[in-house]
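Can you keep this structure in mind? I'll have questions shortly.
Order as written gives the chain letters A, B, C and D; numbering starts at 1 within each chain.
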């Protein structure tokens, strides 16, 4: 068969590319089998599992407490909210009250996590778009400050292991609140700078607006959560809906987009970060004294009563839930994580088909995934 | 009517401001020139666990009693302990082997939290790279044991608390021992007194003598 | 709330068996056990009429066959005197695989409703209806359950392994899964490793 | 005549040095034909040497500038202030294994970097580096530049095709589409200058910009409305021609890994890298020649500074702006890129063409200024708004729920 015979056939028109697992902008070892027609995507199949370490099995073989440091490694950009989600689910399972001060501390570190996640997100999206790292570096400069706060509080920058059942592991070191306030107060200025750098930029607008719009009904049915869901115009923030922790004590607004395209997903993070600054100020102002952990809660040799619980929180990436079954023993019978990163990818193929290959990276970027959580 | 290209221009202004600013404002540059400049670690900073000993001799001052709680609780199971035995084969409250594989350790600090003897603590040394993948990252007792003075130097607040707790325990124990001794003494005295009362005849000859 | 939902399901589908599974724990998240054959209809009803439009979480649970010891008090007449005799009776509980769906309502802002389905056993009858046509969000999660637990979801548009590789045979999240002694073992054409693997196979009799 | 006396006229140092050296050789009885060859070799060697040093310097300075824009230090370990970094890079590049994919078209794969390098060096021949410093005085120098410069397109496609890699092919196809499209506005905006000057010879174009209006204001073409627009168009097209950000689609790191360079390593990669930078200098040099007055000093009293210093200073400035743009802008998408080329750049370059003609026939006075400003300004606003109307910050409103 000569080469000319295939001209005009399907194989000749399309080009199969395996994007990843080693690729500069798949955010880790993520792989997509893409079929291209020219530059246009006609088929896209995500392939998972390159970072799979069966976190759930590890947790089921260890004690309840020992699962806590492993949750840091799920979404390693924001470990503290992972801690929180697990602690929250266990507290639900065993009916543990959380110490008042600890609730405030959780909100403070949780919202700081949201700030640094969204800051990093802005940088990563620009990186995916091919900007040569300036936005990323500005974002990381800001994230670094928050990581420094985490380090002085928990001893580690990323693998914080901060929450405990019924409270938090350690109290604030002296001077921490002032340092945190300084960071929080500066953060809106950083967002302003980012917006000056980015949001008016014609190239960026052209590349984000109108790309991969997602309607509200489809987003709900596809299990999208977090900023992706709200960008599609759905008013659903678990902090408001469930009011877990003490979120119903704070005044904040939940933004939502109109079109649900990449630009809305992008801008929603900026707006959310501004709202988080407000929550942080309220929480820091209202921080009460008292113990940081419920003295009745046992950490070592913890045996919750038999039963099951599904606890979820609004992590920066979306709805992070833990489904736990206890048989009354000292280790979980079933330990299931509901990973927002993975489930937000459900509609990836739908979003990408018909777009250009360069858009695939942006769509993936604006969904905001972390492979530690996708593959677990 | 907006001027096309103004957004790009605004962006260029931001980068220019950062370019110039990085030469004049020192705090813009967050990079540490690592081998020359070293980070000041916060007091809480943690890297890998070590064992604390009191006094000057690691072997005798070792706080660890080889209870193996940390070995059991360690999430990635990187701690390995063998209890020491004396010549007669009787268990001694001291580890013969205490290994931590820091290639596996994930610095979670759970061993520190569960240790009832304040014996395992987190170090903050971070320059631990080695050429050999296995043996040099498997820390044995000799590498793990560090003095309480060192502990005080890296985590002053925490060490002071620990020392206070140990001191309080010691005082309580001493007080208890003293009380016990006093009680025993008292009991003995009473017993003696009773004995005296019970046997006055026995004493009389002495008294008469 | 869950009892209301149960009533509504009963009144809408009179013949369908839906049980309330009690959760003894403090969380009191009770769940609905639905027969596999009616699950699709019930799910559609939940989504369209009760507005549980958001299937948040799908997880598998493995229940291996186990024995339950139960203390039974039995009355016995011994020598004409009625006596209460305490004894423990052992029940065999057959094993099964369970798929658990946590449903929320974005429209009504309520939830969760826990929906469970059980397979017949753990080896042969491991088929359950897929709820992906009802909630697209179940897509990857059902694939994951299929991968890690071995439940086959009938009607799933693309039922392949999600996390493990295609050729992998076992289901690692099952309770009777035996972990390999060497997690880093991997058949490669690399001479050194192959030699080591062969040497190991010769001493232990394991397949190389 | 003392042949051993070194030239003292500093301003024309390179020329005088060469003349002195040649006359020295002639005094030793070297035949005339050999002198011509030696003269050519001297010139070529100097130019290649200068540009390679410039390349080495730029490769480290670019990294330092980018770093400073991003609030980092940049390379500062090798040598003073990290200035010897290119040496380290060079050693690394040369000692690296040169991989050729098994299924690659080996000859094409090998030739691509060579074909890339040759035109990049050849176009350097016609640039006027200073007063009387044009290596090859061609009457149609500009034409030669574009004719030879188009060779890089072939090289990029050879690299993409020869690698037999999907990313490379995609990158190569993008490169061809992009370069062919931007060649047009590039040439037309250069033609505008040639038209006003009435010559295609670079040295004539530079000479024509040598006057000072009011005795101090340089008569560079960039300071006229049509020249400003043509200069911007030329600049944008030059970015696209040299595959620099935001037009680095052929390499497109975030989507195509490294595009046509994916399968290159070691010295071949270094050659590509070098050719790209030399090509960038060449096109910056042409931009300086056409619009920024070439080697002319910006103010009358500054003419004491050697002319070639002005030329290289201006080239460095333009190269700096290219790095600055690279540090700021995200990459364009291929369809936006094509639309931009054909529907904005091309009409705008015609507008500049028209404006230049009006400027010339209206007498090059204030009236001509106003007229040509209107002729380029109105299409700019109309076309630009037509393009940015589809997307804008203001067309989104975000709702909040308490």
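Following the convention adopted for this analysis, a residue touches a chain if its C-beta (ideal position, glycine included) is under 8 Å from a C-beta of that chain, and two chains touch if they have at least 3 such contacts.
Note that the coordinates shown come from a computational prediction; the quantities given were computed from them, not determined experimentally.
Undergrad: Please work out which of A-B and A-C is bridged by more C-beta pairs in contact, and write that pair.
TA: A-C
Undergrad: Taking each chain's centre as the mean of its C-alpha atoms, give the chain farthest from chain A.
TA: Of all chains, D has its centre farthest from that of chain A.
Undergrad: Between chain A and chain B, what is the gap in Å from one C-alpha centre to the other?
TA: Distance between chain centres: 34 Å.
Undergrad: Using CA atom averages as chain centres, what separation in Å is found between chain A and chain C?
TA: Here the centre of chain C sits 27 Å away from the centre of chain A.
Undergrad: Centroid of chain B to centroid of chain C, CA atoms only: how many Å?
TA: One centre to the other, that is 44 Å.
Undergrad: Calculate how many whole Å lie between the centre of chain B and the centre of chain D, each centre taken as the average of the chain's C-alpha atoms.
TA: Whole-Å distance between the two chain centres: 63.
Undergrad: Counting only residues that touch at least two other chains, what does the list for chain C look like?
TA: There are none in chain C.
Undergrad: Can you tell me which residues of chain D touch two or more of the remaining chains?
TA: Touching at least two other chains: 69-72, 327-329, 387-388, 392-393.
Undergrad: Indicate the residues of chain B shared as contacts by at least two other chains.
TA: Residues 4-5, 7-8, 11, 14-15, 18, 28, 30.
Undergrad: Which chains touch which?
TA: Pairs flagged as touching, ordered by label: A-B, A-C, A-D, B-D.
Undergrad: Name, in rising order, each residue of chain D that touches chain A in their complex.
TA: 66, 69-72, 166-167, 169-170, 174, 245-246, 248-249, 252-257, 326-336, 387-388, 390-393, 395-402
Undergrad: Using the touch definition from the top, list the residues of chain A that touch chain D in their complex.
TA: Listed in rising order, the residues are 15-17, 23-25, 36, 39, 126-134, 136-138, 141, 197, 199-210, 233, 235, 240, 251, 253-259, 263-264, 267-268, 271, 356-361.
Undergrad: Could you pull out which chain B residues touch chain A in their complex?
TA: Counting only chain B, the residues touching chain A are 4-8, 10-11, 13-15, 18, 28, 30, 41-46, 69, 73-75, 106-110, 113-114, 122, 157.
Undergrad: For the complex, which residues does chain B have touching chain D?
TA: Residues 1-5, 7-8, 11-12, 14-16, 18-19, 21-23, 28-31, 33.
Undergrad: Could you pull out which chain A residues touch chain C in their complex?
TA: Going through chain A, the ones touching chain C are 48-49, 52, 54, 56-57, 92-95, 218, 220-225, 234, 236, 241, 304-310, 312, 319, 321, 323, 325-326, 334, 336, 338, 342-343, 345-347, 375-376.
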